[in-house]
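First chain written, first letter: the chains are A, B, C and D, and each begins at residue 1.
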């Protein structure tokens, strides 16, 4: 951590600053430039220290040097995290596609969707049993009934199941049915939930908060990792910007940035990243070309009848066409779809 | 709701669109312009209908007309919501100031702070017992011990207490000690938590999500209101923008916008809205000039020793100076500080 | 245009509103919903009318229906704009790559770069002779000497030349040397400059303003088109968001959105879109996968010696590697690199 | 400037990095932390050096320490810049208000407006003769005729005149009529224009770019100052964010931030900062409470007939009411309206 001292600070005040830092147990390193004096702090860089330093009058700026995460940093596992979920490899050269409806609406629609997306090459089934809904009057998901339907679809198709959990009180129940727990964009920084999920020992997919920067996202992953989780998947799903032509702005830069900073697999959700079904295939292909380790795609038998997110769901036909194109792009970058060991 | 039809849509497809809408139970209104045909939908405007319409090929755009909130809209109570919390009036002409430390650190510091902010004119005591912390290694608050200390400070000073609750499982416990429950910026759209808090029947202060627009904020308030809550306070605390000179960008426009759209009281949190103690007084005064119904200010006996948010906490002296200035600005706009009936 | 009337507006005021609109020469269409009355305005939708309507007390909201551009809308040329610049086809199935240094530094470095990027498959040479520089003390480009060097490199390599013009007074001079004029991100909405450029009759590449939404970008293109320009290229180069890990956030969604809304070719500039050379290849590939009609890439013989933008410039080796990968991705989406008729 | 070296960098590479920096003429300062090695660079911090360093493989991050401006920094003139324009003091304790129509539409309307705003307490007349207009079909201002009308209004009322110049070719002409030249938000970083304006030797008002951060804004002011300008006024006019309820988000934080960082006077434009006339008074009062040194307000005899920006223009009555309230708030913060020496 670098502390930039205000110009014109008297020598005595500077000494008291250095003493303050050393009293917290840090070694310091003083450097006097032409215009500015800076104090280097050697060792850890807790946020609280930064905040306290700002409480001292002669401090102009406190600049962190170390990244606020270690366990999930690339350096901790240079070869990258790879793990299996019921035979599907995540983080490997082969790219798994998670597909299914926004929400489990009933058994028939889910089973039909599961069969069709599997036939088209998907390797993991997604579906919401609990839904965050901005209106108290909207549908909030089928709850445990939805979880049972997901499990039934897994039994029939063999596809492992990913589903979101939103309430600390539901973690245990959801964990009984799901193969991967999903932390939604609203909950990326819901630390009570992260703690509870960590105890389930299930793989977790951590969506980026729509207004969270990459560093905060990796800090949330660190939070999970520090509780012992090793099977963490990151999911870029778009951020909020001034652009209103799309529901979110899919941050394609984040894919190579995260691959560089972290050893965790990162997958792309172009359904939320665009919010419009017509744009989903182009952005899905782009994500693979940029190095994404997977896709998450909303698919619905009839989007004009969907209980939620009809605007961004692909029909079966559109999903099949996208998968055919995605397979070619995967091959162009030396990979293949599937998530199965080559 | 207005549905804009794609140019060149054949008559038959247009008819099927109208039929689809009518089958959902809505009356329609067709209008053919020079370049575009639009279908007006008369009645409610659920988000699901909008999403489904986007699943239909000839639909170009769906434009909502009605606001997605009714109970908290200004029209529902043109004179504005006014209520009392242990003798402090919120929403009236007199402006209450909530002050206290970010976090309850121990009994001594909280009592000292409570006495000092009361002496300076604050009418409500704030203090965190549970803290959202981006690092798993940081301090997460004293929990129930912190709540007990808050209650003790209330007993001594008479100041009602506001504190944040972050986990559905803690609501009942926190509600036993607090006078107002605070929903933090991370949880504005945590609907499980909003539902649980609604059942406590306590007044609620709903902070704006840092990446939520005003409409979404009022929708979250509607969520609370639809559960029966009537004592809701809105709190503007800054939004995330590209500007990095301050921790957040305090949205001063939001004050008059919300006063126009809603009957709920709206207060300002310049501590989080700026993130730097030196900027807090200027923005506090600005918020009062813009029509805010209250302030929430972080105050700490010694910010350089604070466990959290030292950078944005005022010292006692700075708080006193700010209150003296704020009193003059309040008077300039025909109000006074205190939250006490004139 | 749809005018939403405030609830509770007296009948007489509504009549005066309708009369006001009709007096401006528009037909109107009144629709009374359950909660809201709306007035449809049939015909053109000038911004001035919208602004004036907001000057009328009973007007709650004015919602545009028509897009604020016609000439560049997809409907005006459904097959897409395709044109040639010295034998290079832009907008066709084959994808031209524009490459070269940020700034022309001297003849030797430009010629070397031109030869190397041509050998690697680039079909257009880029290089700045005038540079926008945030500091008055920085290098501002070589001016006409730089233009002469660009022309010499074209003579030797046969690569057409694109360069930026920033000042209305320079347009004529730059147009004497360049094959394509570039409008930079700072100048997207510099209408004096757009007018002047329009008179050159040269093809124009219009970069998206870093804080401009897609609609404003297409309006600026419309501005050029309304002056008679037909050879317009759009260039996505990233937008400003809260994310600071990259210089800009490359808006990958914009590629398919613009292809849908407009018939103009759209190319991608991942150098500015990321600001970091290590990220450029991944985002270049992503842009092609998403449907971009071209790339613009900064290349420098030795980025550690560049006068400008060293951080985002590729070395020759990195550019060659990127081109090899890009060729494979282009093929995967049924295209090829080059910009030459198949 | 601080260079953070990648972990695991071999000693030899580190030595070459240090040599590279010293060869550019800088002294260095090496500091080895527990996890990271950093190289401090002593002396100036040109952007080009930063960019070049990023071209070197072992460089992980380059962190500037010095502000990229000196002449306009508070330290260069701690007491603040104060100057006079035809008897109106800018930067002093008394607060001048600039008022007038967005655009000069004809002589009669301008004279009427000038008289009325003067009577209400305004001390400077604003009005556009050249207008940036997003549509080629819109009104672009009266040009020199508009300038003549502004000068006539000055002759009659004694109010000095501020007007925008947008094209390098117009600077000389506009400077013959105006007392203060305005650089609009689109042109904050139009360096050709800034250079040209600098040569006029007139006072300049520099609006903040809608997507520019405070540091970039002060850099643009430095650009003017480095050309010899001393009479520079900064104007906060709102930034672009995700919030769409208002045309811009007025950055109230920027007022105290700029007062702290720079000695230049900073004024507020709540007309553009909100885009809606009903919100202008609240934000104008807020700006004064936050420490703004002036206001710029759009006023029109009949906003429903305005050629431009009707939505955000105040009527005469609304302006008068606002001025009465603003006077009280100014007094509350120890100042008064007018811009006249006490």
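Methods note: contacts are C-beta pairs under 8 Å (C-beta built on N, C-alpha and C of every residue); 3 or more make two chains touch, one makes a residue touch a chain.
Model, not experiment: these values are computed from the prediction.
More C-beta pairs in contact connect the chains of A-B than those of the other pair, out of A-B and B-D.
Ranked by separation of Cα centres from chain A, the top chain is D. Chain A and chain B have CA centres that are 27 Å apart.
We define each chain's centre as the mean of its Cα atoms; on that basis chain B and chain D are separated by 31 Å. With touch defined as above, residues shared between interfaces to two or more other chains in chain D number as follows: 211, 240-242, 244. By the touch criterion given at the top, residues 2, 4, 7-8, 29, 31, 33-36, 38, 40, 42-43, 63, 65-66, 75, 240-242, 244 of chain C touch chain B in their complex. Of all the residues in chain A, the ones that touch chain C in their complex are 211, 213-215, 239, 241-246, 249-257, 260, 273-274, 278-279, 282-283, 285-291, 325, 328-329, 331-333.
Of all residues in chain A, only 20, 46-48, 50-56, 68, 132-140, 166-169, 186-187, 189-192, 195, 209-211, 216, 219-220, 222-223, 226-227, 240, 276-277, 300, 302-311, 313 touch chain B in the complex they form.
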